[in-house]
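Okay, structure first, notes after.
To keep things simple, chains are lettered A, B and C as they appear, and every chain counts its residues starting from 1.
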Amino acid sequence: MAQSDMSTPLLDPDDHLEQLSVLGPSQQRGASVVCIVGSGDFSRSLYSRLVGCGCRVLVGSRDPGRLQPGLFPEGAELWTQREALQALVDSGGTLVFLAVYPEHYPSLLGLRPLLSGLTVVDVSNASSLNEKGPSNAETLARMFPSCSVVKGFNVLSAWTLLTGAHDGSRQVLVCGDCPSAKSSVLSLARRLGFSGVDVGGLCASRAVEEAPLQLFPSWRGPLLTTVLLFIFLYLYSAMKYVLLPYLDRSENNLHHLALVTVNKALPAAALVVLALVYMPGLFAAVLQLYRGTKYKRFPNWLDHWMCVRKQLGLLSFLCAALHAVYSVCLSIRRASGYMILNAAYRQVQAGVANSWVEAQVWRSDLYLSSGILGLGVLSVLALTSLPSVGQALNWREFTFVQSGLGYTALALSVAHVLFFGWDFTVHPQAYEYYLPPVLVLSLAPPCCVLVGRLLLLLPCCSIRLNKIRRGWVSERHRRTEKRRENRDAFGDV
Amino acid sequence: MAQSDMSTPLLDPDDHLEQLSVLGPSQQRGASVVCIVGSGDFSRSLYSRLVGCGCRVLVGSRDPGRLQPGLFPEGAELWTQREALQALVDSGGTLVFLAVYPEHYPSLLGLRPLLSGLTVVDVSNASSLNEKGPSNAETLARMFPSCSVVKGFNVLSAWTLLTGAHDGSRQVLVCGDCPSAKSSVLSLARRLGFSGVDVGGLCASRAVEEAPLQLFPSWRGPLLTTVLLFIFLYLYSAMKYVLLPYLDRSENNLHHLALVTVNKALPAAALVVLALVYMPGLFAAVLQLYRGTKYKRFPNWLDHWMCVRKQLGLLSFLCAALHAVYSVCLSIRRASGYMILNAAYRQVQAGVANSWVEAQVWRSDLYLSSGILGLGVLSVLALTSLPSVGQALNWREFTFVQSGLGYTALALSVAHVLFFGWDFTVHPQAYEYYLPPVLVLSLAPPCCVLVGRLLLLLPCCSIRLNKIRRGWVSERHRRTEKRRENRDAFGDV
Amino acid sequence: MAQSDMSTPLLDPDDHLEQLSVLGPSQQRGASVVCIVGSGDFSRSLYSRLVGCGCRVLVGSRDPGRLQPGLFPEGAELWTQREALQALVDSGGTLVFLAVYPEHYPSLLGLRPLLSGLTVVDVSNASSLNEKGPSNAETLARMFPSCSVVKGFNVLSAWTLLTGAHDGSRQVLVCGDCPSAKSSVLSLARRLGFSGVDVGGLCASRAVEEAPLQLFPSWRGPLLTTVLLFIFLYLYSAMKYVLLPYLDRSENNLHHLALVTVNKALPAAALVVLALVYMPGLFAAVLQLYRGTKYKRFPNWLDHWMCVRKQLGLLSFLCAALHAVYSVCLSIRRASGYMILNAAYRQVQAGVANSWVEAQVWRSDLYLSSGILGLGVLSVLALTSLPSVGQALNWREFTFVQSGLGYTALALSVAHVLFFGWDFTVHPQAYEYYLPPVLVLSLAPPCCVLVGRLLLLLPCCSIRLNKIRRGWVSERHRRTEKRRENRDAFGDV
């Protein structure tokens, strides 16, 4: 219906009935009236955005007389908080934005009678993460039991409010206990060009208040894993190729530390992390096979691991890309220039007209090709993890890319390493000081994953797995589960 | 209006009138009630998402008693299908999600009386593509003529439902014959944080059911073209530079196959595919010029070709990018090391102090520069084909990027090839075995495109074309068309 | 409510009351009826999109009889403009799309009585930017005072209407003076799968009409700055390293112009532009510190500068990326091959077995590492400026990335330059012709920024700044401001 996008009308039926009696569109009526209590940055940004959308906005300041001119545009309705609220009620509006720091809520207690029956939007953020006690919105709801308090708009910064008029997919989390009040806020959000998301009752307000304070929560674990892994591999190869040779035969490879050693640790880290992306899936499959059902929760660590696969994948891609850049730079660095010159000198002295070694040529060409292709596939994977691209994919396409291309990338990377290492990993001196080369270490996890994957592809496993994923439950499981859900297990999506 | 975002209220007017009589916000009323029939994965995910948005959800299971505890959170209203539906009707709800495999629809016939008048959402997918006969939703509609069946939510996986609370632009395709039922589902979708798209009547349900099964339909053609083209070019240069020399004078270039030959075929493929992006536009223009009107459909092949230009462009970019990486790697590979050393040896033996050839230096610098710039422009093009970026562009900006930058990229690539080939394409030995070099082959299409484009820019053509595109129709066409639409052609956008 | 997403019903109350009296969903009623006046491309695309969403669409053409068959699908309701409008009114519809060029509006004056009371959507674009006089929509509103004119849908091209059914975040700017009419258009837009944005009254229509004609307005300034800067640096180094040496000792470095000189100017430009990204922030902070308040507008030039930081950052990234590619290509080019060969020759002649210089090796490794890392951080920054990625970040994450990572990238780039230049910038011959090397020039701005940033981190500054940003106002400012807003300054968000 026409008024559907306005914030207020149907909250009080009389207003609505009036609405019905209006013939044709009317200028004054229907234009939604909103009140903002407070006159800070947020208030000002919200003001311009609301006015921009054709709302009438009443700003209630503690002391409007002393507001510096120019802060609000000419003609802004700047009143005292009491006046503003009164004007709102008179004009049939019901929506009040509280743009005041939580610590000043008590100063509003005097306005209680005016606020009663109105929808109060609490836009405050939590002052810190993981606080105890009620959230700001809950406190507010207790102070003003006669209002319907809605939490929302706090995820927007004053800056976004001012500039972001044209990014429609910007989300505004809204929660509250009064459905009608909540949906009026949701539709206002949509009208302002944001997409409001209803995240439930006021009990969710703590999460909404903390949302703007989070700092990449889902990235912490994967990032830590990758960094620690890299550091270990770096130190390992630093010890094997720089420290020990120096102590042993005082061979000075210190200059390796800046580039060469990093470029030994990076690909190893990339490979291991990429393997970590596909391990949890295997574990899950094995678990389902063993339990003979999918109707049972995974252990938490596995659930959590499954949820960070995307982040792990992107970090693996990052390492792989850096490795590619580093490898290219190895040929630019001065050192390689000197090496070539000295090699040329030696060759001339030795009078060798042609130093060509076919095997080496093949080796380098093969590991370069597999490496390039592997990285190429990985970058397609990384691309599809962009929100806008991923959302354009349906479930089948997503699975094809993530699982199909993912395993291709893993296989190519393994091939890349094998081709690279084929000549020296077999020589005993590669295991000097009883330390295997880094790449041998890094090969273990991906190989396990690939083997595990192949085993699961065997008919005996795959057929049973598909049955289970389609809802089938093994006899054994049923017995152990005392025939629970044996009918429901069939036929439910 | 306030209730506008709830899924149910206004479907039955009494409920609505009650609504009107409610003064101020009320806790119980207005909270929308939804019923889910079935208790599988999808049902569980949908349950948590709906509850998360403050809906009251009644789950109807075949045998709730045997549902394993822990599958649904504590306090979930798990009843038999009959009880759940009864409770829904009692509480004035009208929305029922059918989370049951289509093959089990008949088992619901007993619930017909309870379901009558309700809105039933069919969330099932097609079991396979291009099936004959009615879609699941159509079957359902026939089984329950007294319900208003709406197709929707099937594009969402259980996974997306659980996790994707915060990707607002995720689309939910909805179709159905009852507008009111449909829009109640659409608004529920929006409330859950998805953007519902109305795709028409139930006749569209087949397409909606098949949507999740599609695997990059729009990419098949372009991908096939590119791959075949690449294979042909690869085999061609493999024959010319590896096979024939071997047969002819048993010259062993086998090691070229891994890298060198690939890097001969890749740029050629990139160039030809890029030309294919701009050909259909030329054809269309010529066709319009010839017909003297735009009010006539293009042949299907041309329409189809026009629709895959974006995909062709991205594939061309992919080939170009790979070519760049390969070219860089050519200088890293062992072979190039050996070549330099041997060259150094020869130079020393020949006693040549300075082997500098100014022309060659210029040539390589020029083709490198043009190549880099061409690739740079191409990557800007590729960037704007990201959904989120492309949507931020208006029509003029989009045209500027796609056509303006596109032709710049094409011109730069052609220059790149010409600079690269200038010295040897003129020598007869480049045409050994009467086979022209690959790059000569690959130059033909882009040159045609560029020439054609230039011709269309001639005043005689461009002026007429602009008139036609503005709606003008040539006398000739009118005569042939018996003066059809000669008035409407004017003045309509 | 169920009808809330339909474009028309509730505009006239009778219709609504009827609606209420309808029991259960009904087929015919509620299906919204829309009329399109005009039968051009846009009309046709709009037609198929509307029909696709289950609307009943009446097309009013000047002369339907002469419309070429096939332009509209079979069964399309093609009538004269008068008939179509009559049918619309009869079926209770109120929405009319005017798909006619503005110059033909007068021809519609005859339809005035029919149109009165209806909602007329003007989909026309401005014919050129910065026109004087009323916008098309305003003209229309004057011609048809009895209609409620809504501006909208003009940002959509016929092409987008046809194909873009699935990009939900595509925005449709809508403005108009009648809220109810406007919101009915907004909800129709949403129903078609676009996200409608209310941009206020009809006074905003000029901007909406010009929107599709804009060509990257926000990029002009930054692009110009970067290009001019690059040109200056290019000419500078061309003079210093090519022209003057030639004039002075007729040394021929002409071949440097294509690659080497470009690669001298690019990194310098990248560095300076990156510094320009962080300068305005410093100025703003200093200004706030000096004024002792944040409640005062910044000068316009600063405001404007702040708004183009993102564009500057991306351009800086572009230059840096190109610089990386160029640098890699330097080692591929023929010239470097010749140099190595000649160096080898000289080394052999001189009989130097080992030309290794440890310092040079360290230098090159260090500047390569810092360069790679700097570019890596910059690319993460560039990534987050993708709309879809940036919108997934909350304010704190955004600040962390933009400011934290940004300064890291700046510091790494400076380190990169310092390592690169350490050996020769100290030699007097680097200042030949009294011209400092380019990199010395380019170091000045970033160093200033880094120093300024460090100063602001000193407790004395940072503490005061935080207080100010929290709303605190210095005594001095209050005095000068005659104690204005000294209370409001506290406690408002």
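Quick notes on this one:
Just so we're on the same page, a residue touches a chain if its C-beta (ideal position, glycine included) is under 8 Å from a C-beta of that chain, and two chains touch if they have at least 3 such contacts.
Note that the coordinates shown come from a computational prediction; the quantities given were computed from them, not determined experimentally.
These two copies of the sequence, chain B and chain C, are related by a rotation of 120 degrees on CA atoms, to the nearest 5. Although chain A and chain C carry the same sequence, what matters here is overlap: shared residue numbers make up under half of all numbers found at their interface. Note: centroid distance chain A to chain C, computed from Cα atoms, is 23 Å. Contact of a single residue of chain C with at least two other chains is seen at positions 1, 3-6, 166, 168-171, 190, 195, 328, 331, 340, 344, 348, 386-388, 392. Touching chain B in their complex are the following residues of chain C: 1-6, 19-27, 30-32, 38-43, 51-54, 61-63, 66-68, 70-71, 99-101, 103-104, 107, 123-124, 155, 157, 159-160, 163, 165-171, 190-193, 195, 211-216, 255, 258-259, 262, 318, 322, 325-326, 328-329, 331-335, 337-338, 340-342, 344-346, 348, 386-388, 392. Taken in their complex, chain C has these residues touching chain A: 1, 3-6, 9-13, 16-17, 117, 119, 148, 166, 168-171, 175, 177-184, 186-187, 190, 195, 197-201, 204, 294-297, 307, 324, 327-328, 330-331, 340, 343-344, 347-348, 352-358, 360-366, 368-369, 372, 375-376, 386-389, 391-392, 394-397, 400, 471, 481, 483-488, 490-493.
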